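Okay, so chain A shows up in both of these, paired with chain B first and chain C after.
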Partner chain A sequence: MIDTYWQLLASAEGGHSDGLIDRLKSTIDYLCAPEYFVTLTTLLLIVALLTYKIWTKPKVAGLIFAAFTFFYVASMFDEDFFKIIKKPDNVPITMMIYFTGFCTWLGFRQAAINDDRMKRGEPLLESGADDKVLVWPDLVYTELIALVLCTAFLVVWAIVLKAPLEPPANPTNIPNPSKAPWYFLGLQELLVYFDPWIAGVLLPGLIIVGLIALPYIDKNPRGNGYYTLRERPFVISVFMFGFVIMWCVLIVLGTFLRGPNWNLFGPFETWDPHRPAALLNINVSDVFWVVLPERLALSWWKPGLPDQPFLFLPAYLVREAPGLVLVGGYFFVLPVFLAQTVFRRIYREIGFVRYCVFWLLLSWMFIVPIKMVLRWLFNMKYFVAITEFFFNI
Partner chain B sequence: MGLFNAVGNYFRDSQVWGSIFRHGVPRDRRTRAMAILSNVFLHLHPVAVRKSGIRLSFTWCMGGLTFFLFIAETISGVLLMFYYRPVVEYAYTDIVGLRAHVTLGLLREIHRWGAHAMVIAIWLHMLRVFLTGSYKPPREFNWGVGVILLTLTLLLSFTGYLLPWDQLAIWAITVGSNMARATPFAGHEGPGAALLQVGGVPLIHGGSDARFLLLGGTVVGPGALLRFYVLHCIFIPVVVSVLIAVHFWRVRKDGGISGPL
Partner chain C sequence: MATVEVVTKVWIAPGCIVCDACETTCPEVFEVQHDNETCVIRPAALDAEFTKPLTKTIKEAAEECPVDVIKFDTIKVEMSDEEAAKIAGGATATPAAAAADAGAESPKAEAADKAAKASPAKPAAPPKPKVVDPAIQALLAATTVRGGHPMINRAVSDLPEPVRQLSKMSPEELPPDGKFQRVLEKAKPKQEEPSRRDVLLGAGWTALALGFGVGPLLGFNRFMAPNVLEQEDPKVRCGSLAKYAAMPPGEINEDFKPVKPSGFWIIREEDRISALSIICTHLGCIPSWLPNDRKFKCPCHGSGFKPDGTNFEGPAPRPLERFRIYLDGDQVIVDRSRKFLAMGPNDTAVWNDPEASIAV
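Moving on to the complex of A and B:
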């Protein structure tokens, strides 16, 4: 049904190609390469956190909503974009975008109001502990209405959109691209940058452990039970970075922009299965043992990966020494330095043990964007590549 | 109206009604409290709550919606189980038959879209708990219970994805479960697995690693279908139900919906 509707609209447009629109589309396609897409959305998040009192005003937020919806709907006239978005299992992603956007607005709107009120010494939106109401009728009825609306929503959704069913499972016919269910596409996207033991096991594990550990690390007693940003800017910024960028944005990237061979395609590009796969990547060890000596051209330092053991160190450790030093510095030296500078106050507040856990979680969270940037800029593949033991970072 | 009231009163005065609802119509403070206290389901709630806590803009009702969706999934799931057999020979054709022959064939749609909606709702519930700082003492433990619930909800969705046994299902699960191959020490392509050997014979290989445990085979085949079915229909839902009970209990024990002191 949706299909024919779309065809009608597309044919109504008359098939003439508008030069301006095409140029706009190719600009957007270009900006959707991960290096721009992730960077731009991150910048957007930072700006949003800094200006939360402005964009949360209902009028501004309404304008943003209208502009985004206009863009989204207009995009649907593009055949390639529409093909992706109308896949039944991708419909939830459109919902995710809208609901997450709305709820983020709702939360930050109240945070903005509360922060203003606190500055003026007025009571919070949530104040009034003695204001109690009876559960019957106030809560029970709210719940009933929510239940009815939710059911209606679900039934309508089920009537309008058929659940997908593809041809029967065939172990010899591998679809290209093979995608995980949409809520795991963020993790699948990490496979571009990390080996499966990090992307598929370690990082998900750390997300779970990290979330559970959060209340024990965040010792800030303020902001308990009401919306605020001013009283806990650091924790909220880190969490929003993780939730919005590292989870939601990567899901959008994985759904809309990844095509055959996991190559990147702009939202308005046709998925071409014959586009060649990505180019060669290099490791830190290559940079140190080959590129560097070649550039420096010293008489005593010949380019070439070491393949001899050194004293008691096996050859692979010698080869990977530069990367190991880098990684070791990041995980073990940097936190010491930070504890005396930027994180001084945090360290004083939470103490040694909590700080160690905090750094374990934070360092792994930020190794993701760090490695992304290094890949985009230098085609870097591994810091440490001990392929002998499947141990690559 | 008069007749309506008369019939209503007749039923409310009857012995049957009185045996079920042991209080009058909830019109005043006492009977309203009774309505909550004397009902095993409603008494998940306290009798009275802070006004700010039940404002829709505070909780977004997201925890409640997650719960509703879980119940909707349970009901539609049980109905689906009547029509579905988890063996490779029948799984796909049962789904096709379900589409073609079952009256009001919305079951599968409701179940599938409900699952997607639950995944979204649970994230947003977490987001609101986070933004209101409601994970702070005394609610640290309940936040942890929530995180486990979130993990299990994703696993529920994931295990269910395989059951239609179509191309979408088998390859999505193949991609997902390939990760288990790389589990450190426990997967045969994971770091450290090569160290685990006895007299040169590796302990961890394709037929003994974490992925094999999950799939009951080296590829996504009949063993995986059965395992995912059992996990999806029995094990995970039971654990989730228990944890939801703990979660609700703790919401009350930790002082009800959070609010500023």
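Moving on to the complex of A and C:
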């Protein structure tokens, strides 16, 4: 029925589909290349963090909400976009976009109010608020109502949209693209850039361990029990980057922009499984031992990967030496440098051990976007590629 | 003036059988604690001034105690006749509250109290001769044997038939002497309900025993079966060589992709045919062959492989694996029990192994 609707609307629209809308769509498709998409969303996040007092005003936020909804609904008239949206698997994505937006607004709205009040020396929103309620009847009734509403919602959802179950796996007929459940699409996106043991085990493990470790690393009592951004700009920014960009945006990317053969498509682009996409990836070792000598054309440095052991180093360590130096510098030298410059105050406040844990978590979080951007821009495959031991970073 | 012997200190020696006799006789001083399996002296009675007026009943209680654990010290004091009579008369000095308390607990004590009130000045009467059943006499004799409850139980079992009958009778049918009833009750074999701790401990030990005992037994069960691996024949007969030799170089034959447990493609290179595993070296998805693009492309994470299986795009770290392939007469046979693993796109020397391909 929805399809018929769409066809009706599309046919009505058909005559007027002028060049403007097409040009708009292709512009959006172009901007949705991942290097722009992730960069732009990150920029958007930075702007949002800087101007949180403006956009959280109910009127401005309502305007943004209306504009986004208009864009979203208008996009549904595009066949390719609508195909993605209407898939029962992807309905939660729409909810996720709205819920993430709403919760972010709610938090930052209260932070903006509190920061204003703090500046004027007035009591905070939370001060004096007695948040104790009676278990009976207040809490139990609230829970009951929530339970009934959620159950009703789930029942209706389960009836209206059929569960996307598919026939048993068949090696001759593989869904293309093969997508994980929507909430794992961010992790599946990581698998494109990292070895399975990093993307599937280490990074999710670090997310969980890191969230558990947060209260032990961050001893600063400011912001406990009340919303504020002015008092905790760094931690909130890092968290928002980790959650909104590295989790939600990657889910959106995996849902809307990943098509057949796991190629990247714009949201308004037809999923053509035969669209050519050249992705010739090279390792850092290739760059250092092959590309660099070729460019320099030195008489004493011939291009070619080293395959002989050097002193006590086996051949693969010689081959991967440049990548190992890069990764080692990032993980072990950069924190020393940062502790003396940018993170000087943090280092002084939290001490050596906490700083090490802090850097472990922060460095693994930021190696993800670093590697993504390097892949998109330079087709960089692995810093260190010791396939002999399945050790690829 | 008369010289009277008064009790200054009372204590309980070890060996109490919790028979209630002392508390029945003198509730002001003795308290039977069934939980602790002993009787104790009430705190107030640790004072000599408190025990003095109760001398008579304390002595009675000590006398009645079947196991003789009630001990006391006495001193001789001189006092007026009136006071002496009071002490000899027993519990008249008992505070009313204590009397009421005692009355609630034991009708006999109340009766004694009433009797004492009725004749306060009566001189100490000689102890009532106890007329009891010889069976109970025998039972009491058994209780005085050193050794506590086990001895009593044994004594009951060794006793003549009338006594055993008595021990089986219900308390209502017993002779009307409360303390002996209690003795008999004590003599009965104890049937305690298991406490929560006992149940939990029992369950814990049982689980442990099951874990350490039955678990290994089940494990050993595996050795009852022959030690063989159930799997498909790794060798697949793929038809005559002519069919594959006729393919143009770079062509892929997908006929054996669905073969279980691991399928393969038969590929034609310039001068040889080989068998490529269909498992992506990145995370084990199954790539699709895209004839127009002339590449294998994995739908899960976008790894791409050239027609000879070399990885060139996406996250796959190694080329597709190759299976052993050989000729049996004219028949091409792929043996999936042996793999040839190239470690990188530039490290494919292992493919030159004579078993990794058939020269055409």
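Simple rule for what comes next: the second predicted complex is superposed on the first by the 343 of 393 C-alpha atoms of A that agree within 3 Å, B and C clash if a C-alpha of one lies under 4 Å from a C-alpha of the other, contacts with A are read in each partner's own complex, and residues count from 1 in each chain.
To be clear about the criterion, a residue touches a chain if its C-beta (ideal position, glycine included) is under 8 Å from a C-beta of that chain, and two chains touch if they have at least 3 such contacts.
Because the structure is a prediction, the values reported are computed rather than measured.
J.: Tell me which partner A:Thr100 touches in the superposition: chain B (first), chain C (second), both or neither.
T.: first
J.: Tell me which partner A:His274 touches in the superposition: chain B (first), chain C (second), both or neither.
T.: Only chain C; A:His274 stays clear of chain B.
J.: Just chain B (first), just chain C (second), both, or neither: which does A:Phe239 touch?
T.: first
J.: Taking the superposition as given, does A:Ile208 touch the first partner, chain B, the second, chain C, both, or neither?
T.: In the superposed model, A:Ile208 contacts chain B only, not chain C.
J.: Is A:Gln188 contacted by the first partner chain B, the second partner chain C, both or neither?
T.: So A:Gln188 meets both chain B and chain C here.
J.: Where does A:Gly19 make contact in the superposed view: on chain B (first), on chain C (second), on both, or on neither?
T.: neither
J.: Using the superposition described at the top, determine whether chain B or chain C touches more residues of chain A.
T.: Tallying touched residues of chain A, the top partner is B.
J.: After the superposition on A, what does A:Pro196 contact: first (chain B), second (chain C), both or neither?
T.: Both partners, chain B and chain C.
J.: So, A:Ala385: does it touch chain B (first), chain C (second), both, or neither?
T.: After superposing on A, A:Ala385 lies in contact with chain C but is clear of chain B.
J.: Between chain B (first) and chain C (second), which does A:Pro171 come into contact with in this model arrangement: first, second, both, or neither?
T.: both
J.: For chain A, give the residues common to its interface with chain B and its interface with chain C.
T.: 170-171, 174-175, 178, 188, 195-196, 200, 390
J.: So in the complex, the part of chain A that touches chain C is made up of which residues?
T.: Going through chain A, the ones touching chain C are 170-172, 174-178, 188, 191-196, 200, 260-263, 273-274, 276, 278-281, 305, 381-382, 385, 387-388, 390, 392.
J.: Spell out the residues on chain A that touch chain B in their complex, using ranges where they run on.
T.: Of all residues in chain A, those touching chain B are 89, 91-92, 95-96, 99-100, 103-104, 106-108, 110-111, 124-129, 131-140, 142-143, 146-147, 150-151, 153-155, 157-159, 161-171, 173-175, 178-181, 183-184, 187-188, 195-197, 199-202, 208, 211-212, 214-216, 218, 220-228, 232, 236, 239, 243, 389-391.
J.: Write out the stretch or stretches of chain C touching chain A in their complex.
T.: 254, 257-258, 263, 278, 282-283, 285-286, 288, 290, 292-293, 297-302, 304, 312-315, 317-318, 343-344, 346
J.: Within their complex, state which residues of chain B touch chain A.
T.: 26, 29, 32-33, 35-36, 42, 45-54, 56-58, 60-62, 64-65, 68-69, 72, 88, 92, 95-96, 99, 106, 108-110, 112-114, 116-117, 119-120, 123-124, 126-128, 130-137, 139-140, 143-144, 147-148, 150-151, 154, 157-158, 161, 164-172, 174-176, 178-184, 187, 189-195, 219-221, 258-261
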